[in-house]
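Here the chain labels run A, B and C in written order, and each chain numbers its own residues starting at 1.
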Amino acid sequence: MLEYSEHPSNFEKKDTIQGNGKSRFYGMDIISVKQFRRQDLNIIFDVARDMRNIVERDGSLDLLKGKVLANLFYEPSTRTSSSFAAAVQRLGGNIIQINNVTFSSVSKGEELRDTIRTMESYADAIVLRHPEQGSANIAAQVCQKPIINAGDGIGEHPTQALLDMFTIVEELGGLDGLTVTMLGDLRYGRTIHSLAKLLALYDVKLHFVAPDLLRAPSDLVADLVENGMKPCKHVELASVMPDTDVLYVTRVQRERFEDQSAYEEVKESYVVNNDTMNMAKNRMIVMHPLPRVDEISREVDHDPRAAYFRQMEYGMFVRMALLALVFGKV
Amino acid sequence: MLEYSEHPSNFEKKDTIQGNGKSRFYGMDIISVKQFRRQDLNIIFDVARDMRNIVERDGSLDLLKGKVLANLFYEPSTRTSSSFAAAVQRLGGNIIQINNVTFSSVSKGEELRDTIRTMESYADAIVLRHPEQGSANIAAQVCQKPIINAGDGIGEHPTQALLDMFTIVEELGGLDGLTVTMLGDLRYGRTIHSLAKLLALYDVKLHFVAPDLLRAPSDLVADLVENGMKPCKHVELASVMPDTDVLYVTRVQRERFEDQSAYEEVKESYVVNNDTMNMAKNRMIVMHPLPRVDEISREVDHDPRAAYFRQMEYGMFVRMALLALVFGKV
Amino acid sequence: MLEYSEHPSNFEKKDTIQGNGKSRFYGMDIISVKQFRRQDLNIIFDVARDMRNIVERDGSLDLLKGKVLANLFYEPSTRTSSSFAAAVQRLGGNIIQINNVTFSSVSKGEELRDTIRTMESYADAIVLRHPEQGSANIAAQVCQKPIINAGDGIGEHPTQALLDMFTIVEELGGLDGLTVTMLGDLRYGRTIHSLAKLLALYDVKLHFVAPDLLRAPSDLVADLVENGMKPCKHVELASVMPDTDVLYVTRVQRERFEDQSAYEEVKESYVVNNDTMNMAKNRMIVMHPLPRVDEISREVDHDPRAAYFRQMEYGMFVRMALLALVFGKV
């Protein structure tokens, strides 16, 4: 059974609209990776796999005919927004796209609450991207219809983590027994944090490779340890590359360094190129949440182990699966 | 029969495309509340009620399959734009969303005329939001296809007034005999002006509660008096609250006051909170066009008489009804 | 047979996905007018004519049901973007609208490549508008799905040229034997350049009327001469107006002139008004890519020979035809 320890509001929403033979995902808010257990991921991945087959065969289906999804983006995100737009339309549903909503941050969520209540008058579910951590939770509390968190500041981006997991499963056949190496900015990357928490559900060995300034936060490490993981910290990639099944790359941004000479010193160590790939197994994958700048050289794009563009496509299937489940159509 | 005294262009458009058993709404521009008589409102509300039933049962219908609506917004309005987007899609039609069109105001409508003629090449009807009063009329003159005014500066916003009326009818069962109190900025609020004019079609008692600086304009009052209404002016809400069936709240903006001490003096009087509601009837409603800032305290949101979020939903049904009627599908 | 001398990438894309009885347009990138020969134009115009008939009768069709088109606009273009949005939706397909993508021009196309590869994960074809010449070619090289160039800086805008051609054919019954006069800024107008190149496929007499500063570029003239055309240069319109079948007007912009007195001297000569039209044949047309400012007086709008608004409508039919062909649905 799903547990919602961090999101009690979900209980009520489910209680109100469930009880008619629908799956436990029906009407659910998707706020945090903490909502999911292994059996939930299995369901999502099974449906995502079905979605992939259907899209590759027919392009789309009619599951969400007549449904309206609001894509409410308080900050731009071409990739995530387009992915949801494609997903709902390939399911036969409609989309209301709302970009660059202006808002006053002094309102402490009041304006967000009103906007959410307005949008739920029009739409059947709301995808929310908002620069402030916790905003998805605020939205879920006032909204009778499902909220899907598409990134709340430095908080969470659960659908990204789910698509990352699905990518690994589809590319490598499973998760247990894998060695996952996370590279780059492990301090500020919410993508990394969410993925690491989900990986803790499996028997995965985790390597953290980052410059001192951008190490994984201690509360993340504590959370992982509590869940049975022992992430190993490294400063250089070379030593762990030969054992790595999944190399998850994020960008080391110059702006994070006060001391520019410190940046210049480390930046080369966090670029993946063909030399890096020569150290790697034949069967492994390189992932990246995109957009990338130069932390993965273009030459790697031609390597069959470069999975970051396929990752985008898996993302659409995972979002189709989530929408179908949340709308109770599976 | 519909009269179009202020909009002779409608005659021609109707004449050209009507005469085939379609209702008198077929092909009509929706420019001003002055177009509507009681029997027109009854038709719109009947269709809106049908739309509500269908949406609550099925989510959507196929009435406008293959139709394309252009949502042409020269200034942002998340609420209105999303409402029309949801309405046309729930009717099975498609939308072209055009935001933040850049334009030169020195062109005196020339650029608008060209843009409208371009958009009518692509779409079957055009929803227009424009910062300049009279722009919807200009658009209707050059356009062979229906124009729906979604706000033209300090001019009109007829679909807002229609949804306000529908909200009252659905919440309170009718309009005749009601006491409607309009609170706040009655000088600049086009919402208030349009709604007051429509209420003049009914046997409604009107209270205007506003600070001196923000009183209803004299031409509005003259117009209402000419139509048999005798709006009563007040400075304080307390005295009229016990008799009020509909409290329509708008915001008193600090920027309207040159003398900030004058603002500080009055601002408290125009905030609706639980104390205000304690003075009110058990069966009455509080309305607001949204967005609100603090003119209605959040504590009132939990009061069942707070109708401002339901008002948004009624809005979608009214817009669905208007689109269905204008497209001749009812 | 289609030749793709300038776009070898097309060969591969076609080879991969063709060979199943589909037309030669199936899976094709639409990058440049140089891709088209007379027989290709005939096919496009035939399909566009069918589209027009179907839209006028039924409004839309279901040819692209389940397909998703990405409308990727790196710079705003209300007309072109709306035209494609209407086209794909009238074909029964869906659209993902992406406006104002932020990008760093120092990236020399790298960011574009990644964005294209992301969008092709979601969509079945991509319409691209980009400020940099050559960007559509870059996109086509990395994309497995069809790219439709909707303007790449001072490069090409092939669908505009195709709709211009279709307008002439529909309005005047054909192209051979016509006299086409191009007026205004012939130096910077990519519309003019693309159209002239396509006209070279036919037996057309070409007049270029422009101020000295804005003459057609010599490489364009050389290209035309090589293809058997002998464009005649003029400074004044009056002498050629009586023989003109198609007057194609573009704007002479003040900003193009360093010497403002030079601008003041010529500007009147490049305005089309009723006096200009009085010199023209009874059966001829005036075209303009829009938006216009004052290079065509508003009084001309009422002249039946003013074809520039009908031109927009032809544009939607041509884009519907291209989409149907590229998706292999004809």
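The definition used in the following text is that a residue touches a chain if its C-beta (ideal position, glycine included) is under 8 Å from a C-beta of that chain, and two chains touch if they have at least 3 such contacts.
For clarity, every value in this text was computed on a predicted model and none was experimentally measured.
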### Message
Given that subunit A and subunit B are copies of one sequence and touch, is their interface built from the same residue numbers on both sides (over half shared) or different ones?
### Response
different
### Summary
Rounded to the nearest 5 degrees, the rotation mapping the CA atoms of subunit A onto those of subunit C is 120
### Message
On a C-alpha centroid basis, what's the spacing between subunit A and subunit B, in Å?
### Response
40
### Query
On subunit A, where are the residues touching two or more other chains?
97, 99
### Query
Given the complex with subunit C, which residues does subunit B contribute to the contact?
65-68, 70, 94, 96-99, 101-102, 110-111, 114-115, 117-119, 121-124
#### Entry: In the complex with subunit C, residue positions of subunit A that touch it
58-61, 76, 78-79, 82-83, 85-86, 89-90, 97, 99, 290-292, 298, 309-310, 312-313, 315-316
